[in-house]
Structures are given as structure tokens and as C-alpha cells.
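For clarity, chains are labelled A, B, C and D in written order, and residue numbers in each chain start from 1.
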Amino acid sequence: MKKLESRHWAFLGLAIVVIGTMLLNLEPDLDVSPDTIRMHAFIDSLPAGSIILVSFDHEASALPEIKPLATAFLRHAFGKGLRPVGIALMAEGTAVGYRLMEQVAAEYHKQYGIDYAFLGYQPQYIAAILSLGESVKQTFPRDYVGHPYDSLPLLREVHKLSDFGAVISIADGNMVTHWVEYGRARFNVTVAAFVTAVMVTSYDPYVSSGQLRAMVGGLRGAAEYEKLIGIGGAGRRGMLAQAASHLYVLALILVGNVIYFTTRSRKGRG
Amino acid sequence: MDFGTIIAGLLTLAILTFLYRDNPIYKLAEYLLVGVAVGYALVIAWKSAMVDLLFTPLFGQGDWSLLLPLILGLMMFGRFHARTSFISRVPLAVLIGSGAGAAVPAMLGPRILTQVSGSVTPLVGTDGLPNWSGLIVIVGVLSTLAYFFFSREHRGSLGVASKVGTWFLMIFFGTTFGYTVMSRMSTFIGRAEFLLTDFLHLTR
Amino acid sequence: MSRRVAQIVCAVFGVLMFLLFFSGHPTAKAITLAITTQYWQVIAAFALIVGAVSFVRVNVKAIQRRQDIPFRAIGLLGMISMPVLAIGWGIGGSSPFLWVFENIQAPMQSTVFALLAFFVASASLRGFRARSIPAAILLVSAVVMLLSRSWFESTTSSFLLTASDWLRNYPSMAARRAILIGIGLGSLTTSLRLIVGIERTWLGGSR
Amino acid sequence: MPPVPPIAIIAESEKWFDASKLPLFVIAIVVLGVVVLLWLMSRRGSSFTPRQIPGLKAVEDAIGRATEMARPVLYTPGWGGDIQRPTTIASMNILSQVAEKTAQYDCTLIYPTHDPVIQSVAQEVVSESYARSGFADRYRQEDVRYVSSSQFGYAAAVEGIITRTQPAAIFLLGTFEAESLILAETGNTVGAIQIAGTDSTIQLAFFIVACDYTLIGEELFVASGYLSGDKAILASVRAQDMLKIALAAFLLIAMVWVTFAPNSGWWKF
């Protein structure tokens, strides 16, 4: 067997820390930030039966953060009786979005075509948003599975972007900007977003200007949202592992420096 | 547990074995991933570029302006043979030229001028006290720019300025590293969640 | 000869795109959109076919040389199966194409991404040593940032949060600005050289 | 809540020349003039050597070391860029220099990329560099290879190539995204000298921590001029420095101005 090097120990330690804390199955109590409260209140304020557009604007690699966020949100939406219509403006969001909506809808015994629908993917996101503003049906003549637009009762109730109660973008990149700058500015639709942690600071200015109605970010945001809707999920389970992994990285930095300074002082003496 | 989850779980473990060292199981997973990803990209490009952007409007709706991109695209096929590969230089020139032309205003506007004017703040606050944070920003921007000054060796006052610039650079690198660790860790937490919950059923 | 033609094409498209930016006319916008979507994407799609063919060639050659036969075969099989599945059963909701993407490609991609967490750990062990003043500054700012985000908000001292926010919003942002300006300048002059034709390396051209 | 002003796209004029963009146009033309003028001057013999950049001194040593150890050199431009991006062109310029040296030393150069367009251009660049050093026969087209467009497919492939071919020198020069640290740490385990450089500000931090030398942002654009002595690039470097002085002056004047006249806005872009 090959000799284990220091990096192997570092790897092993991380695996133990993360898996260990996850196996504890603890869901720590946490303070909910005003951002998350604002989003929750906004979704709550939509009347039951409202049709909302949910846009999956992310890649598959962002799933660890996106999935808990989207799941918590969809649970809230379906639980409240909102009727989401899904689309994707990034290719990899298509399959992910379709599956997620299918799964959460099943938890709430919702029916495809009546309580929710999924339209699929359109490339050229700016063109797609502009075109949705004019006509949803022309942008997506068929849904993702191939049904003609008018064959689904839910879709017969919406014609253009402004008919939706809100647009919720679930994003790991710049797409929220386009929803705000085109969707909101031109067609006056309310936009809110669930985003990965790295994107939060980029969108803060939009939230404070009111262009973005509400925003929730990262695994932490998912955990807080789960707390508000009272259903545990991947977010809260991941929180403890997240904090533990940070402390672990700090410990590694410390150990690295201790090793460096002890070997250096030994060399200095020798 | 469905078949898909078993496959996904095994492949997840196969990739993770790389952390110990390279081995045939990882290698097999790697070749499979690369192959499938090339195939996936082909299918998506065929549908979203070839069919939706080119063939449907060109042959379906008679938009003949698309003949030019079609010809340029076909010229790429010159690369199939060493002796005809020179033909592909034309479509490459289109991409490089138009990219450069688009980059000039994009770089000058948002990249350079907006960044400079974004740093402009009054030196004294409304309360009559010096605007320390604004001053820090200005010192940081100018000293880091001094670090990027190439025409002279960094000695004398330029040397001092560029040294201060490296300190600012280090603060930037430190904070980005610290800040990004959070999202990097969640990538593994996400996979661990999949393995423990969906694949091994150890947590709920 | 072909280099000359390519250079002229490069210059024409460069000047055209540059000028189009300064026009607000609907026709100008339509041309910009046509170039950046149709031209760019269509040429890239044809190039992808060339790339896929070269991928097949490299692997077939290796198999002929009897190198890594099982691995190369699995790679080729993976590549060919995707278009075959797509042609046979489509790419919609419950197609086998999507099944392969969801259960083979996506999990492996996210696991390669997850390796990053481990590499962050090994890099932290090795790369953050306070060898010099700049290295110490790097270390301290990373530690402040990490500490401020490690506990739950109620227990994190507000001093750390303030310090980390200040670091990020002022000194760190200043350095980032200067880096962006520098990159902007480098990109700007590189693009200008391309347009006027004094940058020819991409043609394999001599200096 | 105050009404949100309409976005620029709607407010924009629909004239053939949008007058609001005039300042940008003028500045662009002036910069172009400066670059071309300095280039013409340098062709007449006004010489100029830029300051030392530590990572660049290491380039030749790294290739020499690879040759001595009979191990290859690996060069990859990252997953984030395409050929339309000026950074990719800057990376091609450095590639051309590295390829000339590997040709002379008869050292294998492996170039994996995620983009078939970049692959095509790199093949032209490398084959021409080999021909220029007089060793056209040493060039092997399949060493410049396309390894899948997907980010982590590319990362896995390059990771595999690094562990199996054990390159002694690794050049990570171009636009990188999250794959940066995966590649840099894998390169570390095989003990390669690593020279990185990118315009992605977030990834710079990871390269600084994990690589031997890192070209920070603009240094990547300057590097090829330094390595080749190419007069056009060196003229650009000087132009960039002159612009930096102008920008610094602009910034200082605007700061003083706005201190005394807080409502002025002439400096806004």
C-alpha cells in the first residue's frame, strides 16, 4: 500500500468531520435573517391559486445549494396552493427543474397541467424574457413533455409575463439581473430570487433599491427558509456540517503554520 | 432504491477514490464522464444551434441571410485534413475579429472607466471629518495600479507604492479565499447528503 | 494568401462590431444580435463536430496501438450513445438520454466539483504559511473571513462580522478594482492590436 | 417605494450614432492612436524593457527541467474562456513562446482544452511555432486535444492527464472558473512546477495559494511581450502604463473636485 501523505490525512479529516456531523442528524436552531423573513412574507402574501413563474436559471453543478433552496420554496408554494409554472433559461436547469417540481408536487398530491406545469428550456435568455413578455404561448408552443400549450387548463389562464403573480428566479449566475432589467423594467412583473451564496453580494443593490422584491441565498438561506415553513430539509442538516468544515479549514491553517514554524526553528538551531 | 440511484451512487464513489490516488476505477469513470459529456454537448448544440438557429429559420422560413453563417460553419470542416485546414482560418477570423471589436467598448466602459469613477468619493465627509474608508479605497486602487506599472523597475517611491499594492492584493486574495470556502464546502456537503440519504439511507 | 484573407476578415468584423456598439439604430442592433447569436453559435456548433471527430480519432488511434483499450472503448461508447439515444427516443421528460444525463453525467460532474472541498483542505494545510509580511496578511484576512462565517449569527461576535465586512468592502474591493482596470487595459490593447492587424499569433503568423 | 427608472436599453436613442456614447468613442480612438504610434516608434528602434516579472523568469527553467527529467509540459487555458475573449488571445501568445522552446528542447507539449474553436487556433499556433524553430516533424496534432465542453468533464480529463503523464511543468494560463484549484492541487501532487495566470479575480486567490508563480490579471497580457520581445506587445504595455497614469490623474482630480463641489458629476461614466 502506498504511504499516506499529509494531504491524505487532510482529506480523511474533512470526510470524517462532514459525514460525522451529518450522521448526528442534528438540526440546530438558528436565527432567521431579515432577508429570509421578507421572502417568506412575500410568498405568503400571494393569494392562494395565484399562478407564478419559476425559472430554473442554473447549472447542474450548483445543485448542492440550489436543490435545498428550490425544494424549500416549492414546498411553501405548493403548501399554500400557489400554482407554479416552471421554465429554464439555462440548459442544465431544465432536467433539474422538471424533476424537482415533479417530486415536490407529488408530496402535495398536485396534478400536472392543473396545479403546475413545466414548459422547458429556451436559449437566448434575453430574447426569451422579452418574448415571454409578449406571449407565453409563442415562446413555448409546447410544454417540456410535448403537450400543446392550450391542452393544459393551467396554461390557458396565462397569456403574458404580466399575468403571473411573480417571477421566482432560482439562479447561480447573472440571470437575476436580466429578469430585473428586462422582465421587471419592461413588463412590470414582480421578481424575487433564490441564489447561491457567492451571488448574494452581487444582488444586494437590487434588493435595497426594491427592484428585487426579496432574495434568499445559499445553504444557510435554505436552512432558514426550512425553519420558517416548519419542514426540515437538506439546508438545516447541512448547516452544522458547513460550520464544522469551516472550523476544520481553520484548524488546518493553524496546523500548517505550527509545522512550518517548528521545522524552521529546528533548522535554525541545527 | 431505483436503478438510477445505484448507478449514480457507485459513480460518485468511483470519482471520490481519486482522493486516495489514481486507479482504474477512477479512470473508467473519468473516461465515461468525458465521453458522455462530449455526446451531450453534441446533442444540445445540434438542437439549440443547428436546428433552432440555423436549419429551421433557413429552410423552414426561408431566411436566406443565414446562408453566410452556414457557409462559415462548413468552412470549419476544412480542419478534417491538414492540407485544407487553412480554409478554417476564415470562420476563426470572424470569431476573433468580432470578439475583439465587441471587447473594445466593453473593456473601456464597464471595466475601466466605471471602475475608476466608482472609486471617486469626497475626501471629507459631510460631518467635516476625513473620509477614512474612501481614502483607503483610493490608496488601495492607486498603489495596486502602481504594482501593475511595467515601464520601470520597482525602486524608490514606485517601489514603496507597489509594495503597499501587494499588501492590498493579499487582503483581496485572503478575503476571496475565505469567502469562497463556504460555497466550496457545500459542494461536498451536497454529495455527502446524496450518499447518506438517497444511496445508503443512513439519514433521513 | 489565406492568412491575408483571414486578417482582412478579422479586421472587417472587428471594426464592424466596434462601430455597431455606438449605434442605437434598430438595424444596427439586429446585426449585433445576428453576429453574437447566429454567427458565434453556429460556427461554434460546427467546430464542436470537428472537436468530436478529433476526440474519436485520438481514441481510435490509441485503441489501434492497444493502449488503454477498455477505457478508450468506454469513452467512445459514452460519446456515441448520447446522440443515438437522442435520435431514438428524443430528449424529453422520461427519455433515456435524460436518464443518462441525470444518473451518470450530472452525479459525476457534481462529484468532481465536490473534490474541490478536499483540495481546499489540502491547500489550506500547505499554502497559508506566514513566511513573509504579504503571506501573513493573506493568512490573517482569510482567517478573519472564515471565522466571521463559522458560527451561527447569534454567537458570532459582531466585531468579527464588522471587520470582515469592512475588509471586503474597502481594501479588498480597492485591489479588485485595480486588478479589473489592469485586465481591462490589457484586453483593450490586445483587441485593438487584433483589429488593426498587428497581432497575428493566432494565425500562427510570424512576428 | 420610488419608481424604478427605465433601463438604458429603452431610453437609448434610436439614431445611427448614439451621441451619449461619444466620449467612449473618442477615448477608444485616442487609445488606438497611442498604441499604433508607440508601435511605429518602436519599429524605428526606440527600445524598451519592462520590469521583471518573477513567474516569467521561471518559464524557461521549468521547460528545461521537464526536458532533463524526460517528462512532458502541460499547458491549458481553463474552462471559462472562448476565443472571442482577449485573455485567450494573450494566452495563445504565451503558448507560442512555450511551444517554440519545447520544440527546441524536444520536450512533449500537451494542450487539453474544453473548446474546439480554441483547439483549432492552438493547433495553428503550436504547429507554426514548431515549424519556426525548425522542428516541424516534432509536432503531433493529437497533443492539442479537445476533452469535452463540460466544466467538470474537462476538469476530470485534465486531472487524469496530469496524474498519468506526470508533467514536470504545468502552465495554467487563461480564464479559469471553479476548476482552478482542482487542477492546481493535482499538479502539486505530481510535483510539477506550476505557473498560473488568469483574469478571473476569484480564482486568483486559489492560484496564489497553490501554485509556484501566479501572473495576476494584467501580467498575463504583458507576459508574451516580455518573453518574445514582440514590439507590438511591448508598445501596448507602454500604452497601458500611460493610460494608468492618466486614469490615476483623473481619479485624483475628480476626488478633489467632488470634495469641494459635492454635486458635480462630470467624472461619472
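Keep in mind that, in the parts below, a contact is a pair of C-beta atoms (placed from the backbone, for glycine too) under 8 Å apart; a residue touches a chain by one contact, two chains touch by 3 or more.
Predicted model, so just to flag it, every value in this text is computed and none were measured.
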Furthest chain, CA centroid comparison against chain A: D
Chain pair, B-C or A-D, that carries the greater number of C-beta contacts: B-C
Approximate Å spacing (C-alpha centroids) for the pair chain B, chain C: 3
Centroid distance [mean C-alpha coordinates] between chain D and chain A, Å: 33
Computed distance of Cα centres, chain B from chain A, in Å: 20
Contacts with 2+ other chains: residues of chain C: 18, 21-22, 37, 40, 43-44, 47-48, 50-52, 55, 101-102, 105-106, 108-110, 112-118, 120, 122, 124, 126-128, 138-139, 142-143, 146, 149, 168, 176, 179-183, 185, 187-188, 190-192, 194, 202-203
Numbers and ranges of chain B residues touching at least 2 other chains: 15, 18-19, 21, 27, 29, 33-34, 36-38, 40-41, 48, 76, 79, 89, 92, 95-96, 98-100, 102-105, 107-108, 112, 116, 119, 138, 141-142, 145, 148, 169, 172-174, 176-177, 179-182, 184-185, 187-191
Junction residues of chain A - those touching two or more other chains: 7, 11, 14, 18, 61, 63-64, 198, 245-246, 249
Category of the chain touch graph - line, ring, star, complete, other: complete
Touching residues on chain B, where the partner in the complex is chain D: 15, 18, 21-22, 26-27, 29-30, 33-34, 36-38, 40-41, 76, 79, 82, 85, 88-89, 92, 95-96, 98-100, 102-105, 107-109, 112-114, 116-117, 119-124, 138, 141-142, 145, 148-154, 169, 172-174, 176-177, 180, 184
Chain D residues within the chain A interface of the complex: 1-2, 4, 6-7, 9-10, 151-152, 178, 189, 202
Chain B - residues contacting chain A, complex: 19-21, 44, 48, 52, 179-183, 185-193, 196-197, 202-204
Contact set on chain A toward chain D in their complex: 7, 59, 61, 181-182, 184-186, 198, 209-211
Residues of chain C that touch chain D when the two form their complex: 18, 21-26, 28, 40, 43-44, 47-48, 50-52, 54-55, 57-58, 61, 105, 108-110, 112-113, 115-116, 119-120, 122-124, 126-128, 138, 176, 179-183, 185-194, 196, 198-199, 201-207
